[in-house]
Every structure is written in structure tokens, then in C-alpha cells.
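Labels for the chains are A, B and C, by order of writing; each one numbers its residues from 1.
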Amino acid sequence: MADIQTSVREPLGTRLRQGWQAALKDLRRDWLLYAMLAPTLIWFLVFLYMPLDGLQLAFKQYSAWKGIDGSPWVGFAHFVTLFQSEQFLRAVGNTLIISAYSIVLAFPVPILLALMINEVQSQRYRKAVQTIVYLPHFISVVIVAGIVVAFLSPTTGVVNNALEFLGLDRIYFLTRPEWFRSIFIGSNIWKEAGFDSIVFLAAIMSINPALYESAQVDGASRWQMMTRITLPCIVPTIAVLLVIRLGRVLEVGFEYIILLYQPSTFETADVISTYIYRQGLQGARYDLATAAGVFNAVVALVLVLVANRLSRRITRTGVF
Amino acid sequence: MKKTIVPLMLATLLAGTVPAQAKEPTWITDKPLTLKIHLHARDKYVWDENLPMSKELFRLTNLQLVGTASKTATNSQEQFNLMMATGKLPDIVGGDSLKDNFIRYGMEGAFQPLNKLIDQHAPNLKAFFDSHPQVKRAITAPDGNIYFIPYVPDGKVSRGWWIRKDWLDKLGLKEPQTINELYTVLKAFREKDPNGNGKKNEVPFFDKEPERLYNLVNFYGCRATGSDASMDFYVDDNGKIRHPFAEPCFKDAIRNLAKWYAEGLIDAEIYTRKNRAREQLFSANQGGMTFDWFASTAGFNDSISKTVPGFKLVSIAPPADINGRRWLENSRADMRPDGWAMTITNKNPVETIKLFDFFFSRAGRNLQNFGVEGLTYDMKDGKPQFKESVLKNAKPVNNQLWEIGALLPIGYWMDYEYERQWTNPAALEGIDMYTKGNWFVPMFYGVNMKKEERAIYDQYWPDLQTYMSEMAQNWVLGTKSVDKTWDEYQARLKASGFQAVLSAMQTAYDRQYGKR
Amino acid sequence: MAAGVNIRNVVKRYDRTTVVHGVSIDIQPGEFMVLVGPSGCGKSTTLRMVAGLEEISGGEIRIDGRVINDLAPKDRDVAMVFQNYALYPHLSVRDNISFGLRLNGAKKDEIASKVKTAADILGLDSLLERKPSDLSGGQRQRVAMGRAIVRNPKVFLFDEPLSNLDAKLRTQMRAEIKRLHARPGTTVIYVTHDQVEAMTLADRIVVMRDGYIEQIGAPMELFNHPVNTFVAGFIGSPPMNLLPARLEAQGSGLGVRLADSCAIGIQPRGSSSVAAGQEVTFGIRPEDVSLTPKFAQGAQITGTVEIVEPLGSEAILHVQIGEHNLIVRVEGRRTVEVGTVVTLFVDLERVHLFDAQSSVSIY
């Protein structure tokens, strides 16, 4: 009889109490672990979840005085405004194109760089190379933009002097829409490729050295070791970073673009963030900017989900 | 020892806490009154009750303003929004570029309408508005109320045309009086090697603000902007709002600018050189002509002549346009979108409006323009005069004033005399010439739109403005042909709500300034 | 096919530290040679020099009579199995096994048949399409061996291949390796720190310490005739009892005084040079002590049982003799109570004596 009774489900209240007691017991036993988890959890709550409340701005006519709750609802009006704007659509297109180009052109560079640095035998030379390629990362974009402007100056710039020397015409690069993407992506590679290569170098360092020794005994050349061991072994790292990168496909940093672009290059240079920046300047339109942010986030989420699924299927590695 | 020091210390302490104020004629209230003010301006200045200017204000008015804005914050606009969003309003809010916010939130109930208070308690303001109706109109909200008191600049002149006199002399040319002469001069600068280095590296016309290059369209009888800002709307003789970049005459004018650019008369790098253009091109002995502020540009005569022998930069009257008329769009605004307002929670509106009024009185203007009497200025023949120590100081006079808390963008009336006393003679010469010439065309102060009008403006104008600047730049650079794309440009403006923007602004304008 | 390996005065130096001091080993074609020693003794370094993974700082190594000092690893015709298997995580078992063949551009059908043969030998047929991450430790080790087998090298090199496996698997894999070696013409150099592995697998064992060779010999030779206390203590499990003692005259012969109350009389052996008064280390293997008088020449000592470790078919006793502890392996299932005073019989033919200073075997 007793056995039968215990197998009957307890009333909800009892179960809840038992669950609560179990949780308390866990908490008491592992309180140190929970305490260590707490700062991160609190950070997430305060900085990522609580601000979610502000997303309703995208659907409101925001007035700082009336507050978020007091501001009237306007439905999808801000989204309609955005999508009726040819320039916003152009900015979305430009953002995607710049992102796609930088994924195709800029994303592999740190990988190649890491592979090449890894092949350097002399420790001293290697350290020198690493320092030199990491340095640009620490230069502010304002200065990088200044350097780019100076390099590409139509009258005194090195590039144009070289062009002239080769008997070619001088080009006012920064006013030519057809050059903008190359300049933007190229200078970004120069600035970030070295620093980004650190992750890949770390991944390469974590490869079991016995793999190389084994391959060496088997008669692999250095090139074969690179293509058949190093590269395949860091594919999971590459995949994860690529997924993360895809999630940020719409986040083209606006500071640098604003420093480099011109009305005459808006055609290729104007991206969502710069569009919003200009919109914002016209009257601190937080509601419209939020709407654009929501749009960004939705697109990014879809991209991440798709990319993650692909990554799981192909490399068996994913971010989640 | 102890016994003697303690009473002394006590005395100082008492003196510090309860200032033994002698009643001044300018007192606003008999009992000392403290009001809270949020003032965060130009991303770095805040109201600080400990600065000499604030203390002097207390002494003069018996009214103490205590600042509430964060001294460490670096974005004034953000601080304003934050303060509004918390809902805890101080008594007074002030700062730069807040006009639209004052009007918007005033209409939403955050700020008190000031019209009645001005009429009843503010004789100086009332007198000022009576004599400056254009300022009163410019700050009046669509509902007919005044919600803030603006910063009112004084003086007429802002930017002027500057040219290398030594180059003119070297090439045997006179100061250009007409557009044709100007063209000849710039051409000569380009072709005849006035800097004598054997290279054709002269930059005849340049500007540190790329958009100022469009001011050259004035010489073709065409507007470039309606205010001191670039690419602004203007109001024509019939009281109609227009945008210079959409006018038919702009087509011709910009085509000519493209020609100038192609001929090398305009800095090839004008769009990327920016802030330090004058420093770069003058010190390299390459720049010939620019359009810029008087004081700072005149200053190059001192700094550059040491390295470039014979360097002489002079201001010239605007050359006459193709119709033979001399004119200038850029002058000093009669009103800036800065100032202060009284919040709805302010319990002392009368005292507050009297405070606002104080800064339009002589004593208040002296305090705000010249600082503290005896500290930064003395009275001479009944007029304020900066102390020698202030004028001779290595720091610019305005910086010294900022440091003691004066010049903050509250609602006040500037006194041009303050600037005149420390403007260098070369600049003053030009300023006087421009003031006497009085070539200025009336300025447009913008319109205060109702919500519906604002919605239309916000929806279309940013895109339109982007498109206009995009096209203008392409035309100047020659990447797009003016003749081939003009019709398409006009059609696109039409399709993108240009007329809607104009008519929204027109409605607001007619309401605000009266239909003509 | 099988090849001999001759290691001659091989030295390995890193900057100023020398880790291998002039080691010489001659390995016969088809021999299974085990290098054993504690970690840091230079055994792995020696092996890696044979493989070509470390440069040889001095001396020379010949494989099949050819000096290979300056040859690239792939030209030495050796195959190596690594401690942590060194499997390519991104390749299937089949591709792992055929990796070397494909590198060298072997033909497809040749690869297929060789992989098949190797898989048959190692019982990997059903696992060929799996990734290493889906395999157990033993299976991974087999794949690593398969990779070596398909190369069909003159010499197999094993670098502690079983140390990552659990005890049971290790026994099983030992058998497999033994089987692999049983195929005609396979020379094996095998590095381990586990003397059991060394004993069970080796034709001959090289015991190394601190970059020097202590002794080379067949397993039983090392077991029966260790040249010094190091080898004596290293080979055999439980290790040989090594107790400090003093020689004293005892009638016509000599006595080994282990404690005040305990001395063992020994007969001089032909080659030994022992004399009374000498400080020595007395060595006796736990197997060579018994609770029953079963030895032809036995000596008796008495002690108190301190610890009993029953292992089922046998038991290990720790017996206190004077201030020393003697480990005794007793056969059978008889139990001894802790605290019992027992009489131990020592097999005098198996007694070892080492010089107390030099540790060298003297008796």
C-alpha cells in the first residue's frame, strides 16, 4: 500500500514546496558558484534585458517629457517612414554589400595572416611582425581616417604621386563612389586584420603538436601541413567567428564611414548607421532610430540563426 | 595661540556661510532665493554656483542659481533628454541648440509660457521685443506662446571674403570688384605662379568648410543659403519659402562652379581638407582666397608672415555679381537657438522672469559679456572696459570669460563691444567695411512647426537634403553633368516630397511671421 | 624487409643542457626493443631522434646500415605511433589511416587495399567512416597503429602508446602490439615508463636514467641480474626490497647484518668481491622470500607483519624487520594476521648485494 501511495502525484502545492526546498538546498550547497555567476547575470539583466522595455519606442511618438509610457502609440509609422525612404533602402543595400564584401574579402585576411605568422620560424622576426600588424588596431579611427585622406590626397598623396609616376591620371578617390568600398574595406583590413588574427593564432596554438610530428613522419611538406592540418583544425573557430560576424552584418561602424564619406559617395557609402546618425541630427529622433535598430536586430537574428544552422550542419560547430 | 585663532576662524566661517550682502538696486527679491538650473552647453560647460560669475549674480540679484547638470557628462543634448526623461525638473533649463526642444516640450506642458510674465514683470525684455519684433516672431511657438528667452548676438558681421594682397600686388592686379575680375584674379593665381616656386601648386579658392564653396553661386545672382548655416531655406521677396538648391538659377551657377573646379580655381581637395585648411594652405604659401570669420582669419597675418615673407591677407568687399550687385548672405544672426526656459514646476515664476529680464538690462549684460567688475573689467566713462591683464593674457578673452562662468548660452543680449575690445585691428578694418557696406540680405530664422507640419518635414527633409548635397557635390566635381541631370534632379525632388516640405514650412511661416 | 637500427654515441643538447649523453644501442632486424625509464630520462628524445623529429647533436644513427642523421623523417622509412594518438580530428578513420599514403600520392586502389589490410589486422572494418571523436581510447590507439601499418615501414616507433588507456585496455593492446610484431620482419622501438609493458613486450630492454643507459638486456636478464640498484628497483613489481646492510664475518663465510637481531649468512660466489665490514645494499625480490621453507638454500629471519594487502591469488605483506620494512609476496589464499610474528625464508640464490656508495651490483 505504501508503495502505491508514493507513486501517486503529490498535490501541486507540495510539489512546489519540494521544488523550492530542493532549489534552496542547491543554493545553500553551491552558493559560491551562484555568487560567482551573479555579476554576469545582473549585468545581463540590467544592460541587456531591462533596456528591452525601450524597444517600444519604435512604435511610439517619443517625447522625453511624456516618457516612454506616456508617449502615444503610432504603430508601424516609423517603419513605414523608413521603408518609404529611398535613401534608407539604399543604405540597407549598401550595408549588406559592404558587409558581404568585408566578409568575403576582409574575413579571410586574419586567417591567412595567422597561418603566415605561424609559419615564421625566427621568434624575434615573428614578434616583430606581430607587433607591427597589431599596432594599427590601437589607432583611433579619426587618425586612421586622417591617414587615409593624406594617402589618397589628389595633390600630395602617395597613391596619386605613384599613379602619376606610372603615367596615370590623378584620382580624387574619396569623392568617387566606385572607390569608396575598396578604401573602406582596405583600410579596415589594414587596421584590424592583425588584431583579429590573434584568435586564429590562439586556435592554431591549441592544435596538438603531435599532429604535425605525425604528418612530418608521414612525409608532409610544410604546405601540406598547413592545408591539411592547420586549416582544417581551425575550421570550427572560423565557423564560430563567421556566425558571430554574420550576426553583425548590419552593424557597419558609422564613425569611420562618417569620417570618410562625402555627399558624392553616399551612393555607395551611406549605410544604415550613418543614415540614422544623420536622421538623429535632424532632431534627436530616438523613436525612428529605435525602429531602425529593431529592424537591424531582426535581420541580424535571422542571419545568425541561418548561419548557425549551416555551421552546425557543415562543421558540427555552432555558437549555440 | 589657540584662543586668538578660534574667534578669527569663526569670523571667517560666518562670513563664508552668510555673505554679508549689501542691498543692491538690482535685487530681485529681499529674501535670498535659491533656484535650481540645468545648464549643460556645448558638450562641456555647466552652470557652477561656485564660479565668480554665479557669485556676482547672487550679489547683484540676491538670487542664487544652483547647477544640477553633471559636470562630467560630455553630451549636452543627451543630458537634456535625460533630465527631461527623469521627470524631475529643476526651476530653469538652459543650453545651446534647444530652441526646438523648448517649443516642443513647452507645448507639451513642460515649460511655462512667458508672454504674460514678460508683459507684467520684465520691462527690459518687453522693450527688447518691441524693438526687435523679428526675434520675438522667431521664438514664438505655433500656439502663439513664448517658452524661452534666446541668446541674442550683437553685431552685424560674421564671415567675409579674404584674399592674398601680396599676391595681387606681385601679379599687378587690383582687388577684384566684380565677378569677372574675381575670375581673372583666381585664374592668375592659378596660372602665374604668385608664390614663385615654379610649380603650379597654388590653390586659388579654398575653404575649411566644404559647403562654403557654394557661397560662390552668389556671384551668379543666386542664393546659396538662407542663414548663417549652409544649405538653409530662404524667404523670397514675396514671403515665400524657397530652397536655394532647387532654384532654376542654381543650375547655371553650379555649372559655373563646376567649370571653376575643373580649371583648378577651387581647391581640388576642398571636400576632404576641412578644419585645418587655412593653417595648411597659408603656411605652405599655396592658398589665395577664402571665405571665413574675420577675427580668426585676420590672425594669420601675424602667425604666417614669420614663415612666409610678405604674407598679407586682407578682407575685400564682396565682388559684384553678374547683375552688378554686391551682396552677402552670411551675417551675424539676430538670434541663436540657445537660451533658457522656466519649467512648469518652478514655484517662483515672477522672480525667474525678473532674472531673465536682468540679462537684458545694462547690469546683466555687463555681467554676462564682461564678467565680474573689478575682476575682468572696470567701468570707464560709464562703459565697461576689459582690464589690461585680461586683454594681454595669452589665453583668448572669451576663454577667460568661460572660465569664470560668463558667456554661457543662457538667454541674454550680447554686447558687441565685448568682442570689439579684443578683436585685432586687421579684422576690425574688415568688419567696419562690411558693416558700413551693409551688403547683407535678410536672414531666415527658421519656423516653429506644429506637430503635423514637423512630421512632414521630418519624413522628407533629411532625404531631400542628403540628395541635394550629393548632387551638388557631384556637379562640382564633374562626376555628373549639370545639364544632363538637372531635369532628373528636379523630378526626383518633386517625387520625394519637396513641395510638401515647402508648404508645411510655408504654413508655419505664415502663422509665425504673418502672411504677406 | 626488416632493418637494424644502430645508435652510436648519440648526444642531444638543448643550448647548454645535455639530455642524452652519448647513448649507443644496437637493435637487430626484427627485434622488439623497449626503452624504459622514469620521465626525463631521455628515452623519448632518443626515439624522436630516430624518427627525425629532433636533430641529433652528436653521434650517428643508422637504419639498415644507412646513416640517417640528416635525412628528413619521411626518408627514414619509419612510422611512429604517438602517446595521444595524433589523429586528425577532421578526418574519418579511413582518411586518417590513409593520410600518409595520400600525401605520397599513392594510387587509389593501392590505398584501398592497404587500408583494408590494416583494418582487418586491427579490427577496424566497421569504424572506417567514423570520426576520431566518436571512438573510444582503444579504438583511437588502433587507428594510430593502423596509420603506421599502412606505411609498411622498416622500423616502427612507439612513443608511450598505451599510457592514456585504462589498465584493462592496456593489457589488451599489449597483446595486439605483440601480435603486430609477430608479423615477419618488423623492427620495433618502443618507449614506455611502465616496466610491466617493457617486460611483457620486449625482446630486449634498455633502461635509461638521466640521459644515460643503465643496462641493456633481455627482460629476464634485467630481472635476475640488475647491474645496479636503479635497475633493480625499476624492474619488477612490487619492486625489489633494497635494505641498507653491513657485511660481517660469520664463521667461514659472510653474514649480512640487516638489523641488530637479524643477519643472513651467505656463501661467496665465484665472481663476487665482497668482504667483511663493507657497507652494502641488500636486495631481495618479494617473490624470493617465503613463509614456508621451500628454497634449496634458505635463510631464516623473523619479523612482525605490519600490513597485509590481499590480492586474491596472492598477498603482499609488509614485514617489519628491525627498523626496515620488507615486502613479501606470498602465494595462495592463506591469510596472515597483522601483528603476527612470522619467520621468513629467504632464497639465498636470489640475494643481491650492491655497493652502498656506487650502487653497483657486487654479489
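Here are a few things to note about the model shown:
Rule of thumb we're sticking to: a contact is a pair of C-beta atoms (placed from the backbone, for glycine too) under 8 Å apart; a residue touches a chain by one contact, two chains touch by 3 or more.
Just so we're on the same page, UniProt names per chain: C = Glycerol-3-phosphate ABC transporter ATP-binding protein.
Quick caveat: nothing in here was measured; it's all calculated off a predicted structure.
Relative to the whole-protein C-alpha centroid, the nearest chain centroid is that of A.
Looking at A-C and A-B side by side, the one with more C-beta contacts is A-B. Averaged C-alpha coordinates put the centre of chain B at 91 Å from the centre of chain C. Separation between the centroids of chain A and chain C, computed from CA atoms only, is 55 Å. Note: centroid distance chain A to chain B, computed from Cα atoms, is 40 Å.
Per the touch definition, chain A reaches chain B in the complex via residues 63-68, 81, 84-88, 149, 153-155, 172, 174-176, 262-264, 266-267, 270, 278-279, 282-286, 288. Interface residues of chain C, counted against chain A in their complex, comprise 48, 51-53, 72-75, 78-80, 82-86, 88-91, 99-100, 103-104, 147, 151, 157. Against chain C, in their complex, chain A makes its touches with residues 208, 210-211, 213-220, 224, 228-229, 232-233, 235. Looking at the complex, you find that chain B touches chain A at residues 77, 80-81, 84-85, 87, 100-101, 104-105, 108-110, 201, 268-269, 271-272, 458-459, 461-463, 466-467, 469-474, 477, 479, 496.
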